[in-house]
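Labels A, B and C are assigned to the chains in the order they are written; within every chain, residues are numbered from 1.
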Amino acid sequence: MYFTEGSPIADQRVPAGPIETRWDRRRFSARLVNPANRRNRSVIVVGTGLAGGSAAATLGELGYQVKSFCYQDSPRRAHSIAAQGGINAAKNYRNDGDSVHRLFYDTVKGGDFRSRESNVHRLAQVSVEIIDQCVAQGVPFAREYGGLLDTRSFGGAQVSRTFYARGQTGQQLLLGAYQALERQVAAGRVEMHPRTEMLDLIVVDGRARGIVVRDLVSGAVSTHFADAVVLATGGYGNVFHLSTNAKGCNATAIWRAHRRGALFANPCFTQIHPTCIPISGDHQSKLTLMSESLRNDGRVWVPRDRNDTRAPNDIPEADRDYFLERMYPAFGNLVPRDIASRAAKNISDEKRGVYLDFADAIARLGALAVEQRYGNLFEMYQRITGDDPYRTPMRIYPAVHYTMGGLWVDYDLRSTIPGLFVIGEANFSDHGANRLGASALMQGLADGYFVLPGVIGDYLADAPFGPVDDSHPMVADTVSEVRGRVKTLLAVDGDRTVESFHRELGRLMWDECGMERDEAGLRKALERIPELREEFWQRVKVPGTGERLNQELEKAGRVADFFELAELMCVDALHRRESCGGHFRSESQTEDGEALRDDANFSYVAAWEYTGVGRPPVLHKEELVFEHVTPSTRSYA
Amino acid sequence: MKLTLRIWRQSGATGRLVEYVLDDLSPDMSFLEMLDVLNERLITEGQEPVAFDHDCREGICGMCGLMINGMAHGPEKATTACQLHLRHFRDGDVVTVEPWRAEPFPVVRDLVVDRSAFDRIVAAGGYVSVPAGSAPDAHATPVPKPDADTAFEAAACIGCGACVAACPNGSAMLFTAAKATHLGVLPQGQPERYSRARDMVAEHDASGFGGCTNTGECTSACPKGIPLTTIARLNADLLRAHTTRSDR
Amino acid sequence: MDTIGLYRTTVGKKVVMAVTGAGLLLYVVVHMLGNLTVFSGPDAINGYGHWLREIGAVWPTRVALLACVTLHFVAAYQLTAKARKARGRYEHRRRVQGSYAARTMRWGGVIIALFVVYHLLDLTVGWLNPNGIPGEIHANVVADFQHWYVVLAYAIAVLALGFHIRHGVWSAIQTLGVTTSRVIGLGVAVAICAGFLSVPFAVFTGLVS
């Protein structure tokens, strides 16, 4: 028995009535906190990426007392900064048939019909306001000679709705949010705690009331209290060890909240990005993404003969297989990520990769135009590989990039613990089983600038929730658990490095719970992970002490949580005996090898309840209702 | 390949260079991956690993910052330490690795320094005051493409601190000017343009950074190639801030 | 106009250096043009000196120069002190990549200051001049530059001035908020060096006697 089944989730707090006006009606029905009272209401925001940074800034602007936390040395470094390609918005500035409804439709379809319609529709509505907000903040989006904003296309869409700032859109959007955040820091409404890591959630009388943190410089473990806690701590792609995530990205905050009672939804929905730079050796510490925007002009191919050892430029046109164009003529190289990744995997392997070729684009547009569009990406590629993509086709291969799963939230972004809100990649809400390109930035900012500030008042209107301090037994217990864990990690003093465990776990997850999963492999992983976890707690070596900066100790705590999360991911992947989006079960495919959904049995969100380390979790289902988009076989051919 | 590393180790108020020899390195490794290899070895030998800041490892977060052979981010132009690969070194090279050094960047441990002064400079005025929800339509104000490009060029700053580390005056003018230029050339940044320059420079000076003498070290060390012209723009805005009445 | 507020900033101090530097540069240019009258014979340069005294230009100029030098020096001193405190000290540091002129502004300034003292004692007061009779400008100059070591010292000082001007002009323009090419500084510096050096070399080689 890998899991048990509990009661379904009844209430998602979704307003009834026409989908177009649900968000308006929810904002109106949400209670407000009057401006004078807001300064007496406090909110903790963990994480300073697009979601957390924009949320902390906006809550500060509204007048709440905000405390913001990040593990990096500055809030500006959160990994949203590395997002390259762009941000979607249904502006229809191109007059190419875009609309809120089309963005909504594309996103639900792109997510392979495993997301909640109401949330996605709201996301599409809010997308327009995000662009306005960011432009007003001074985000230097790409512009045309007439001075208006430029857009480009991304995978899974046939309109041009992606706004961008060269290949550094995430950076520019994040700096906008960061600047807004610093403005609130200067105004005294946000208290900033950099180099501080959340290690546990404090739940008192059933409500999230604070967090336990470790000051990464001094090592001091301390508590922070508030009327509500917002987690904006990003995804858990680093379970796989090698991913496009930053080295520090981790699941500790959401995993600790899960252990305290927050349900974890769809943990097996991970996104493998098709265009990353392949692994060059055992020393590899992370993988680097090459933006999806490259597929606007680059053509993906492999040699027709798998054993062709010629250099790419020596392979004549007749011996090349432009497999995406061949298999999906309607979308060509711009099919969604899950489809492109699996096609690449089926046709090649990690060592050889596939080619992303710009020869045609350079011939058609000129090298200068190509440089203007992708110059910085080409430079990055050359720096890492030593090859010049203007002359030789890029060699690329899929890599773990994003996790659609996350803590379960309702329409108001509330987790199942009252007072705990989850936003951005950390929640599961909007992308279903596969996220479309340029939608992560959109969701992070939608949650932070507009959705959370629009509904959090409804919860805070009930505050104050009674005094709480370090002497409260629940608080004291949580703190001593955190201290005990730190102490144990240091005390093991074994003979294996944290890195070696992480590498082994990552390899296992990539092989058995990666791009393609099957029952045998998942069962194997579910046997091996607990063994590895046991071994970790007996053999890990963490040098130094806990009373000062100790980067190995930080890493050890994060990897320890990855073990527990990895197990849940495999359970979820095993239980979902269908293929959908990024979750491909080899037992469930069409004759052409495409993902075969099983709507009759799996049209639900799997939200898991924690019952203890190594104990079978409890499955709670949220049935998905499709009133506006009819689930169909996704076709991009 | 083989490299001899001389790495700055510091746990209290003072530190020293410690020598390590690494064999079997691959030229395809990044500089930080080489430090990973060293740290794995140190840990298994029962020693404490070298502490260094890093995060995205794709040259955009600005977290890594090492003085490599006396050059900020090492010998390659427009490249952060995490994107520097060993193929740019020769087999047998001796490589000295130190933290950024400047009075406002105190060393935390080994190669890790405290750069919070940069956050304070931004907090002093490096923003456009536009609360969420108050923005007009994005196309309400067209921005000439050259202005948008100039703004972008300056906005590309990753806040790594290489400019300060390289400056013979310990000045953070390039960092400050990059932000002032980014927001100062856009129409959205005009209302606060002069007060922004005034407040950011005041905070820059108060944090203990030195004054700029236009030596140009910063821009040649900058991994994003922020141009020196941004400093002239900031100077012009600052002069205007102090010589006109309207803005005080 | 918030002069004190401006001066408190590092940029403000640089502005003071730029403005006083411009004043000093103007003086240097006029001085150089005056020097060139030596090529028109003893009467021309002696008469030019006499005329300057007659129109009463000498003392106001000296007061203005003293003010400029003082402000230039004080601001430089304050900036240097702040920079010394701010900059990091590395165990291993690659040679600074900026121009030689930029790196030597401070020491160059000191060399120029020392030379100015000598120059005043030599050709203004006359104590250190082999001829040393006030008013006999031409004779004093010719007496000086018979000696190779005087020519050498003078040449070194002029070159130091040239380097100082080369970076100073460009840096001042940048400080005042205008971006230009560094070539401007180089052009001004070369012209001034050529003008000043022409006199001692003409005397030393016997073109002027």
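Convention: a residue touches a chain if its C-beta (ideal position, glycine included) is under 8 Å from a C-beta of that chain, and two chains touch if they have at least 3 such contacts.
Composition by chain, UniProt nomenclature: A = succinate dehydrogenase; B = Succinate dehydrogenase / fumarate reductase iron-sulfur subunit; C = Succinate dehydrogenase / fumarate reductase cytochrome b subunit.
Everything numeric in this text was worked out from a predicted model, so none of it was measured.
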Exercise. Measuring between mean CA coordinates, which chain is farthest from chain B?
Worked result: C
Problem set entry | By mean Cα position, the chain sitting nearest the middle | B
Exercise. CA centre of chain B versus CA centre of chain C: separation in Å?
Worked result: 37
Seminar exercise, completed: Chain-centre distance (mean CA atoms) for chain A (succinate dehydrogenase) and chain C, in whole Å, is 63
Exercise. Chain A (succinate dehydrogenase) to chain B: how many Å between their CA centres?
Worked result: 27
Exercise. Of all the residues in chain B, which ones touch at least 2 other chains?
Worked result: none
Seminar exercise, completed: In the complex, the residues of chain B that touch chain C are 6, 8, 17, 67, 69-71, 96, 98, 100-105, 165, 167-171, 173, 201-202, 204-205, 208-217, 220, 228-229, 231-239, 242-243, 245, 248
Seminar exercise, completed: Touching chain A (succinate dehydrogenase) in the complex, chain B uses residues 11, 26, 28-30, 32-34, 36-37, 40, 42-44, 46-49, 51, 53-63, 76, 78-79, 83, 85, 87, 108-109, 112, 114-116, 118-119, 122-124, 126-139, 141-145, 148, 151-152, 155-156, 158-159, 182-183, 186, 188-189
Seminar exercise, completed: Residue positions on chain A (succinate dehydrogenase) within touch of chain B in the complex are 54, 57-58, 61, 72-77, 79, 81-82, 91, 93, 129, 131-138, 140-149, 165-166, 168, 171-172, 175, 178-180, 182-183, 185-186, 192, 194, 217, 246-248, 280-281, 283-286, 288-289, 379-380, 383-384, 386, 449-450, 453, 495, 497, 499-500, 541, 543-544, 548-549, 551-552
Seminar exercise, completed: Contacts from chain C onto chain B in the complex sit at residues 1-3, 5-6, 8-15, 79, 82-94, 96-99, 102-103, 105, 167, 170-171, 174-179
